[in-house]
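What follows are several structures.
Note that chain A is present in both complexes that follow, paired respectively with chain B and with chain C.
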Partner chain A sequence: MSLVSVLYLVFLTIVAIAYYAIPQAWKTCLLLIASLGFYGINQGFYIFILLFSIIVNYTLIRLWAAKAAKPWVIAAVLFNVMLLGLFKYIPAIFGFAHNPNGSLFQRIAIPIGLSFFSFQAIGYMLDLHWSGKKTVATFPQYSLFMSFFPQLLAGPIARGKSFIPQISRAKSFDYSCIVAGLRRILWGLFKKVVIAANLAPYTDVVFQNYREHQGLTIILAAIAYTIQIFMDFSAYSDIAIGSAKVLGYELMENFRIPLFARSVTDFWRRWHISLSSWVRDYLFMPLQYQTRAWGKKGMLMATMLTFLLIGVWHGANWTFVVFGLLQGFAISWEILAVRFREQLWKLLPDWLSKAVSNLTVFLFITASAILLRSASIGDAFAFISRISVSTGTVYFGSKQLLIFALAGMTFVFGVDVLKGEMLITEFIDKQPGLLRWSLYIFCIIAILLIGSLRSDNFIYYQF
Partner chain B sequence: MKRLLFKSILLLAITILLDFSIGKVLAYMFFANTSGAPGYVLNHAVAKHYDAYIMGASGAQRGYIPSILSQELGMNVLNTGEAGTNIFHNYAALKLILKQNTPKLIIWDLTDADYYYRPDAGKTGMITPYYKDASIKKLLYDMEPLNRLWLCSKIYPYNGKILSIVGSYFLKPNAEAGGDRGYHPILGTINPRLRSLYLRQFSEEQSYVLHRSKDDAAKDVLIRKYFHAFIRLCQQNNIQLIAFHCPKAPLNSQIASTPLISVELRAQLHKYNIPLYSIMPSQYPQMNELNLYYDFSHLNHRGAQVYSRIVARHIRNTSNMMPE
Partner chain C sequence: MIDRTLALQQIESIIGQTLKQPDVCITEQSTAKDIKGWDSLSHMTVMVAIEEQFNIKFSFMEMINMSNVGSMIDCLLEKL
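Our next item is the complex of A and B:
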């Protein structure tokens, strides 16, 4: 049951109706059943991995709460790292590529959402330990925190300290909250179906058969992939945040117009915020604190390690390691050259410095995203090397699909420029009624008319 | 709650009204295009009568020249091939043609994708506008149960086609848009530098019918249902069905002599007494030149000319095939 399927919308409607119809005391239980059912439908018997993770993590939390002993925290971190290793890294490192008809090891796939709920579990345990408070969530509350269906498959990575208090808060039917959620879902569907899904056939063809293409085609495909991955993942986040909002929950924002960032540091404050803030809080800050005596060197080391983790979080492939290191190097350079960059930008008019820095970041991210899409480092370099061969004839694939995606992109980026840092739901809320309704109808008709309705997978499921 | 319900109903009503109006306009514009251009070939097939139809996917569309076949066989021929399609498209095309006309012959460019599910085959965009036809509606429902919902929308059948529909309506397709009665030549020759890529394609195509996952096997069932239905439809209407298998670029002796048609598919054709001609370059020296191919699986225009003559010869030689 993909988040862009009719089935999901029906499921969400039924859950929401039931949720507001039953007494407060039963609401957590209903959401828990719905979440486990949702995961079971999507992942079959892998639901036992999720249940196992919840039970073991909660046991460790209770043990910690009894004595506040550090070993339980270490045990919790190790347990989640081992779980990730067992399913995500060991099979890849030892060459057991997933094969449904292969040996036992080959038949094991990565449970979707494992990286997300494992990080949530680690974050919650560390928050508890660092705060020193022994008030822990109840088992149903903790289970819901770990398995809440809107964000279970691909985030945003929730934090216990903001999510768990929401569970016990009384929730009644709130018109504005539900409308805001529905708006967000519609916006996400538009981005996924009209832009990301229409770009996918083009990027798939070029990346899979890059040896057949060269020059401008390669550049176009790389740019298209950057936009596709952004639209795809931000669409998922919109639908997840919107679905949670319909049920009266606030999830962390995951994107703040990242393609308008003016430095790589700025980009990572705007892109996959729930992951970047997680590594900032649980890895970068402690590391920086530990190495504070080393000054800038300590900061650079913490930066590199943090981005190495971000890279490796995506999977067990050298491409992800290099992706992470590239981001680390870029941010390290920005830390070291802060004065030089400031002086350089002062030489240019304000608008030009903004445009140049924005374009530079976009090109850097586009080049790094090739690593996320390529099967190996060799493939990534071979892909990049095709840029220089010759311009040749540019391959556009289905021009209609590219035009649809371009039209959708122009619309979304236009709205992004107008709304700035404001959330899309707030922006829509501020518009006159006629414009608001026109926007809803435009999105629905565009989805039916030019949307690729067969697309159901999100890129970030694989991570 | 009442406010939300009221506004939802209002939004739904406006959307339905717009959907209906836009859908009506698109339908009018779509069916006005009978040029036979790719994506509209069925409009042409329904509007005009032909004695014989070429059916298949991109291999048919780019490999069989109706003018050559008409000249050699003395009958009117239309090429209904559409890239990325499989047996679903052939079945729908035949159903629509039979409403107006009973052809004498169907030249079937057969591939394994007509019997085994392949994710890159099975496009239905060309047949969804005909959803009002009961048999096509059933086919669309069989393929995707959610089509019961999607087809409530009058816009959905034209999903992804708006530019082509509006463009061809206002700019009027030129005389070449329909190609040579549905045949669309491709120029250029195979790039030998991509040899390793094509060799991989050959081995993948050879192996995909052997390793079927559970999901694939489930999807094969539906494809086979329409495979048999298509053959039965031909037999019930006394249409001569002759299957051909287009040659692949002879990059080595193995490719030149190995037809990419599974044993099971051959057995099925044999069961129905359908003649199958695999035009292997090893047996047809005139096809054994790389410059007749556009890529691994498609002929270029020169190749199509040579191949169409071979096809015509086989049809002529097949018993009870010659027109009276």
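Our next item is the complex of A and C:
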């Protein structure tokens, strides 16, 4: 059941109606059944991996709560790392990459959402241990935290300390909450089907057959892919956050206009925030603490290791390692050259320094994103080297789809410029009724008329 | 013996110097989010500067459980 489907909207509607109709005491149970059912429908047999992870993690938490002993924390971290290794890294390293028609081992795929719920489990255990508080969630609460369907497949990665207290909070039907949630879902659907899905055929063709294309096409496809991946992933996050809001839950914001960032450091504070803040709190800060006697060298080492993990989190491929290291080097440079960069930007008028820094970051991210899309480092370099080829005509694919995507992009980025740091739901809420309804109708018509449901999966499911 | 007011003044001065914000104004309710330039990258530099000034060491758990400057002062005064 894709999040971009009528079936999902029907599922969400039924769950929401039942949720508000039953007494508070049964709400957690209902959401848990709905979440496990949702995962079972999507992932079949792999639901047992999720259940196994919940049971083992909760047992370790209970054992920790009995004595507050560090070995249980280490055991929980190792268990989750091993689970990730077993499904995500070991098969790829030993040549058992997923093949639905291959041997028994090759038929085992990575359970969707594994990277997300494993990180949630590690984060919850470390939060408990570091805070020293032995107030542990009940088993149903913990199970819902790990399996809540809106965020289960691709985040945002939830934190126990903000999610679990929401479970026991009384929730009654709240019109404004439902409207805010539906607005967010509509915005996500627009970004996914009008922009990301219309760009996908173009980027697929160029990236798969890059040897047949000339320089300008390569540049256009790389830019299109950066915008596609942003629209795709932020759309998923919008639908997840909106669905949770319909059910009275607040999830962490995952994007804050990242393509308008003025430095790579700033970009990573705005892109996939639930992952970047996770690695900041559970890896970067402890590393920085351990290496603080080394001053700036310690900070740089912590930065490089943190971004190496962000890279490796995406999967078992050297392209992801290089992607992570590139981000680490860029941020290290920004740490070392902070004064030089400040002086440099002061030489330019404010608007020009903003434009140049925006463009520089966008081009850096576009170049890095080629690594996320390429099968190997060799492929990525071969793709980039095609930029120098000037012979041949520029390929635009289906001009109609590109125009649809371009119109959608202009609209979304235009709204982003107008709303600035404000959340989209708050921005819409501040508009007069006529404009608000015009926006809803425009989005619905665009989704129905020019939206593409051809690709209903999200890019981040693979991570 | 150092009191809360003096500790707050010294912390304000250290933060101002470390973050190159000479006019920074800190209260016990201030958090890193309220202070320009105090982010995850500069956090440890600020903490090390405070440790050196007061000749103390914070544990990692103490550091991450400091919710604002007031709780930092509580922790600091316990160590003096």
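Methods note: the second predicted complex is superposed on the first by the 461 of 463 C-alpha atoms of A that agree within 3 Å, B and C clash if a C-alpha of one lies under 4 Å from a C-alpha of the other, contacts with A are read in each partner's own complex, and residues count from 1 in each chain.
Everything below uses one rule, namely that a contact is a pair of C-beta atoms (placed from the backbone, for glycine too) under 8 Å apart; a residue touches a chain by one contact, two chains touch by 3 or more.
Predicted model only: the values in this text are computed from it and were never measured.
J.: First (chain B), second (chain C), both or neither: which does A:400 touch?
T.: After superposing on A, A:400 lies in contact with chain B but is clear of chain C.
J.: Under the stated touch criterion, which partner chain does A:13 make contact with: chain B (first), chain C (second), both, or neither?
T.: neither
J.: Let me test your reading of the model: by the given contact rule, A:175 touches which partner, first (chain B), second (chain C), both or neither?
T.: The first partner, chain B, only.
J.: Determine, under the contact definition given at the top, whether A:437 touches first (chain B), second (chain C), both, or neither.
T.: A:437 sits against chain B, while chain C stays out of touch.
J.: Taking the superposition as given, does A:209 touch the first partner, chain B, the second, chain C, both, or neither?
T.: first
J.: If we overlay the two complexes on their shared chain A, which of chain B and chain C does A:335 touch? Say first, second, both or neither.
T.: Second partner only.
J.: Could you look at A:131 and tell me whether it touches chain B, chain C, both or neither (first, second, both, neither)?
T.: second
J.: Applying the document's definition of touch, where does A:450 land relative to chain B and chain C: first, second, both, or neither?
T.: A:450 sits against chain B, while chain C stays out of touch.
J.: Does chain A have more residues touched by chain B or by chain C?
T.: B
J.: Which residues would you name on chain A as touching chain B in one complex and chain C in the other?
T.: No residue of chain A touches both chain B and chain C.
J.: Which residues, counting only chain C, touch chain A once they are in their complex?
T.: Those residues of chain C that touch chain A are 39-41, 43-45, 47-48, 60-61, 63-65.
J.: For the complex, give me every residue of chain B touching chain A.
T.: Residues in contact with chain A: 1, 3-4, 11, 14-15, 18-19, 22, 146, 149-150, 153, 155-156, 158-164, 191, 194, 196-197, 211, 213-214.
J.: For the complex, give me every residue of chain A touching chain B.
T.: 6, 100-101, 173, 175, 178-179, 209, 211-212, 400-401, 403-404, 437, 440-441, 444-445, 448-453
J.: If you look only at chain A, which of its residues touch chain C in the complex?
T.: 130-132, 265, 269, 280-281, 284-286, 288-289, 292, 298-299, 303, 335
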